[in-house]
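Order of writing sets the chain letters: A, B, C and D. Residues in each chain are counted from 1.
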Amino acid sequence: MSDDRLPDPTQGLADLHGLWRIRVLEEKVRDLRLSGEIAGSVHLAIGQEAGPVGVCTELTEADALFATYRGHGWALARGVPADAMLAELAGRTTGLNGGRGGSAYFTAPRYGFHGENSIVGAGAPIAVGAALAGKHDGSGRIAVTVFGDGALNQGATHEALNFAAAFKLGVVFVCENNLYSELTPIADMVAEPELYKRAAAYGMAGERLDGNDPSAVRDAARRALERARAGQGPTLLELMTQRLVGHYIGDAEQYRPAGEVERAKQTEPIVRLRAALAAEGVPDTDLDDCENGAREEIEQAAAAALAAPIADGATAKEHIYA
Amino acid sequence: MSDDRLPDPTQGLADLHGLWRIRVLEEKVRDLRLSGEIAGSVHLAIGQEAGPVGVCTELTEADALFATYRGHGWALARGVPADAMLAELAGRTTGLNGGRGGSAYFTAPRYGFHGENSIVGAGAPIAVGAALAGKHDGSGRIAVTVFGDGALNQGATHEALNFAAAFKLGVVFVCENNLYSELTPIADMVAEPELYKRAAAYGMAGERLDGNDPSAVRDAARRALERARAGQGPTLLELMTQRLVGHYIGDAEQYRPAGEVERAKQTEPIVRLRAALAAEGVPDTDLDDCENGAREEIEQAAAAALAAPIADGATAKEHIYA
Amino acid sequence: MPEATTMATTGAPAGLNLRYGEAINAGLVRLLTELPETLVYGEDVAKPGGVFGVTRGLRRRFGDRVFDTPISEAAILGSAVGAALMGLRPIVEIMWADFSLVALDQLVNQAANARYVSRGEAPAPIVVRTQQGNAPGACAQHSQSLEALFLHVPGLRVVMPWTAQDGYDALLAAGYSDDPVIVIENRTLYAGEKTEVRIDGPPRPAGWTTVRRPGRDATVVTWGAITARVLAAADRLVADGIDLEVVELTWLNPLDLTEVLGSLGRTGRLAVVHEANVTGGFGAEVLARVAESGVPLSTAPVRIGTPDSRIPAAPSLAEALVPSVDRIAAQLTKLVQEKP
Amino acid sequence: MPEATTMATTGAPAGLNLRYGEAINAGLVRLLTELPETLVYGEDVAKPGGVFGVTRGLRRRFGDRVFDTPISEAAILGSAVGAALMGLRPIVEIMWADFSLVALDQLVNQAANARYVSRGEAPAPIVVRTQQGNAPGACAQHSQSLEALFLHVPGLRVVMPWTAQDGYDALLAAGYSDDPVIVIENRTLYAGEKTEVRIDGPPRPAGWTTVRRPGRDATVVTWGAITARVLAAADRLVADGIDLEVVELTWLNPLDLTEVLGSLGRTGRLAVVHEANVTGGFGAEVLARVAESGVPLSTAPVRIGTPDSRIPAAPSLAEALVPSVDRIAAQLTKLVQEKP
């Protein structure tokens, strides 16, 4: 949180609840992965909850959100129900995509969440197309695309940034800089570690911000969305954050220097927001409710998800063509 | 030419000769294309001769030069014999590659010219690899890769720029900004038309310069090469130039505003350098010799090239594998 | 459902006299007119009208629904996917099929998956126009015939029109299709002869094949521009008493081999001719399906294609590789004369 | 020249007990040791030792000849081509074959052309290690078997080792090869059983095939990780009195079908099993070559592969598509019981 600003307690509590929803969802996902209910590679956003919480309140129904394999939190904040998401991850018939997408590649278009993507960089041009469509279909749609620090080194991301800037398309590029591209420090993979500076190369606005502070994120998102809605083109937001867990479940994280995660735990979104709200005099019970409410919601969602039948193999060949 | 500097007459005459060699070569290529001795798409560098003339004098034998389909001039300036090049374009057995490469994709590794490339953007990562090899093989090799303005919008170029910068590789990226990507103005395809500014995004040095002035090009190339040889990493040079002809032979150039080419003819490399040298008192005969010598060389080269036999179809299946 | 037609002359309906490239242009005009959700974009397609002139006039007529793009194939294809997810029907151009290789991800990992993963909720009905193949002097990076790559990708449709009429019909079918369709054209055809093209009919359902020539002695399956060489070879062989049936597969996905299998039932001999190199080419799929079908052949089938080589620029070299009328005729003669 | 071997037990030579992934690591160690012109790089391969641990320890041992890269597949492959043009032998990793689609240009339009266009003067002997296929929970973008794409590209070599020994030998052969070689591994094998791996022999010439199981009733051709399922199916069918010959094509390019054709001469029945989807898969090439060879078959050949579908993430769905032991056994039974 920018030290000079105090959070508005009402928004602060809503944000704390939003952060907890994602945190608890991800913890549940981890449990289900470890217990075998979820199969395959799973990428958690624990520690990175403030981005989705800050951005998604600013989106309208018409807007289109695109995320990556690390997208559960973004989907949740966008309004995708936790039960359908967990069912998707657990390969249930009731999953968002009946189990076809899984943890890393589900989509929920009816909620304005137009898909995770598990090809690094691939989501950015797709989002640009959604914004392009917005220019032609009269919807006023803005597209928000989320990707990691490492994705900025991918050719497709570059092409998307330039394409959007050249045509002043309504896109907000959200780069979650969590310091690592998978297992490798981004600082070792670029000569200019201030990634938002790339925006200038494309002639677009760019900004680095505290990605662990929902209100800082919200303010920046609002500015970017206003610019986009006003036809002033795209923005690149670099959200500085850290994951408190491995790149994927099972990551031994030997590449992280000793103490790094411990330090990150001091500045992670929930700890900080809770402390700030407490300092403002928000009662503990209200703060606790944020967590408790989230736990209840996710617990129920998980129970509902797991109660549903496993996806039926007999349907696996449907919908390949129109 | 930067107005504040007068050319050194000796270097100036050498450069004028270099410019004429490329100009006359390209005119000959055009004639041969129109007469049918050369087949297929041909991209001329008429008007863009100063880049190769300025850069190539600064390269050592160990250095590796990579160009595009518009690469005849670069090859010639690098020392590739005109006869073998023309033979290549005309599909002769004596061609650099026995006719396999053609106008847009020949290579002459023994001359330090490691190939044209007719995939936009593809040459940049390859050049990066040559520089990477230079780091490991003890050669001290610097790689120079040439591409157009439009190529900067290609993902592969982006990846190459970042890769080279991140690892401080000895690469000089030469962008020939001739205002058009094929038939489309680059200004319409970017929001930031000062392309050299992209260098900052990668944390590398970048510079825009008068690409029609061989000595301005040479000075910039020297700085970039020194930086590279000192282990200070890559540089992006943006050479402002214009082609006096179509993108390819046969291009009707309807997309060019009236008068554009006429204006460009006032500032094209040969006209300017000749005028500057004349103003310094270099006698007309010396100036004329530059052209005449070039004409003689290319005329002989063309005669030799065309005298050689057409490539033998029976050899077409050789060298697919080791 | 796929539909097979023959060249049986029909009462000539009202039509226009168009070259192949003009017919495709006419198809685009019709799509832009009838479907407000179409866009047409790509490198140099709008103001310059395309490097081959195929999209000429569209920008003037349809304004900013037709636009030029940066040289960014991943952004072109990716944005098409994104726009399609939002309900548009973008028609984009990849100038040469060879260039699709810088951005194949957007077709294979993105466009092809959209409908499947969303169970039909969010399909990506894009049309990708491209063109391919060798032409005199074209280098190795501008000469490949890559249809087999697209044909191994479930979720994509692929059509390779050869005539002006098929060019028009293929575009129209692709534009109306709810699947991603790759329309593979051929630049050597654009400025060809003018032929009568009917432009008033309804979109033809995808999947048609055309018997270009009926015959008794062998079934020759082919597609794309090389069909002309196959027909020329077949015509030439008439003098030798050889009577070939030539079936052109305009659509390779959906693939309808009914006509081919029926023909083989009569001829018992199979050749497939394509410009692509043989190994891993789609000719292998045709031979494989025929073998699986159990239709008895009286002699071993043959594939006629470019040998497994890169393509050299010099015409004298390329001609030694890309199947010529001579080579096709010689190999077909051998096939027909083979003792059962 | 390709060489065919059988599983005939040889006097066990000195070797190490290695898992598949360890064997590949051993191959890399040997190449880095013996060939100073090798480099090993890719995403996460150096300091972290690879996302599957396959390149563990190499950085410590070989210093900056082993390094991590940005997430830039075009730069990885392109720089490998460039370094190879200068005389190095880069060994690069593309973490998943699916990701090669963002940068296929560098393999097809660049690496594959280098030797050809320069008439051998400037070849690009790179090794690309990748891995592919489905594993439980893997999404549609992390599950494809893409060997057929590479196999349609003249100029590239392709090997798909299944055993630890073949993994070692394939790496070694690839590293010593003067052609660009794509080594397609499989992540489900990395942490498999330890088996004895001989690491002292000379590089084995590319092109070997292995008869994994002799048999009389049908010839089953396969490659890659699914070989295990094919062998399991064959073992199971013994109880039904069915005796299958299983030929594993470790190398798909160069492709040596001598063993297969010989086997077919004895069995008269052919099945090809691969994990890739059927249409346009390399099984088509095998069927096509067999058909062209004229070797008589007593029944129609069959291809067993994933149906032409995208791959869903849920294991219950993916299992319904990727050939299982059950499905393979059932289809092979049908093949063998088919009346001639």
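What we mean here is this: contacts are C-beta pairs under 8 Å (C-beta built on N, C-alpha and C of every residue); 3 or more make two chains touch, one makes a residue touch a chain.
Chain labels with UniProt names: C, D = Alpha-ketoacid dehydrogenase subunit beta.
The structure displayed is predicted, hence computed values, not measured ones.
S.K.: Report the chain whose CA-based centre is farthest from the CA-based centre of chain A.
M.R.: B
S.K.: Whole-Å distance, chain A centre to chain D centre, using C-alpha means?
M.R.: For chain A versus chain D, the centre distance works out to 37 Å.
S.K.: Quick one: chain A and chain B, Cα centre-to-centre, how many Å?
M.R.: 45
S.K.: With centres defined as the mean C-alpha position, give me the chain A-chain C separation in Å.
M.R.: 41
S.K.: Would you mind listing the residues of chain D that make contact with two or more other chains?
M.R.: If we look for residues of chain D contacting two or more partner chains, we find 69-70, 72-74, 98-99, 102-103, 105, 109, 113, 116-117, 140-141, 154-155, 308-310, 312.
S.K.: Multi-chain contacts in chain B: which residues touch at least two other chains?
M.R.: Chain B, residues with two or more chain partners: 98, 100-101, 105, 117, 119, 122, 153-156, 159, 162-163, 166, 188-190, 320.
S.K.: Touch graph of the chains shown: is it line, ring, star, complete or other?
M.R.: Looks like everything touches everything, fully connected.
S.K.: Give the list of chain A residues in touch with chain D in this complex.
M.R.: Going through chain A, the ones touching chain D are 38-41, 91-92, 95, 98-105, 117-122, 150-151, 153-156, 181-184, 188-190, 254-255, 310-317, 320.
S.K.: Where on chain D does chain A make contact in their complex?
M.R.: 43-44, 47-48, 51, 68-74, 98-99, 102-103, 135-142, 307-310, 312-321
S.K.: With touch defined as at the start, can you tell me which chain B residues reach chain A in the complex?
M.R.: 153-156, 158-159, 162-163, 165-166, 168, 188-192, 197-198, 200-204, 233
S.K.: If you look only at chain C, which of its residues touch chain A in the complex?
M.R.: Checking each residue of chain C against chain A gives 37, 39, 65, 67, 69-70, 72-75, 77-88, 90, 102-103, 105-106, 109-110, 113, 115-123, 125, 154-155, 157, 177-179.
S.K.: Could you list, by residue number, the parts of chain B that touch chain D in their complex?
M.R.: 64, 66, 97-98, 100-101, 105-107, 109-110, 114-115, 117, 119, 122, 124-134, 136-137, 139, 141, 143, 155-156, 159-160, 162-163, 166-167, 318-322
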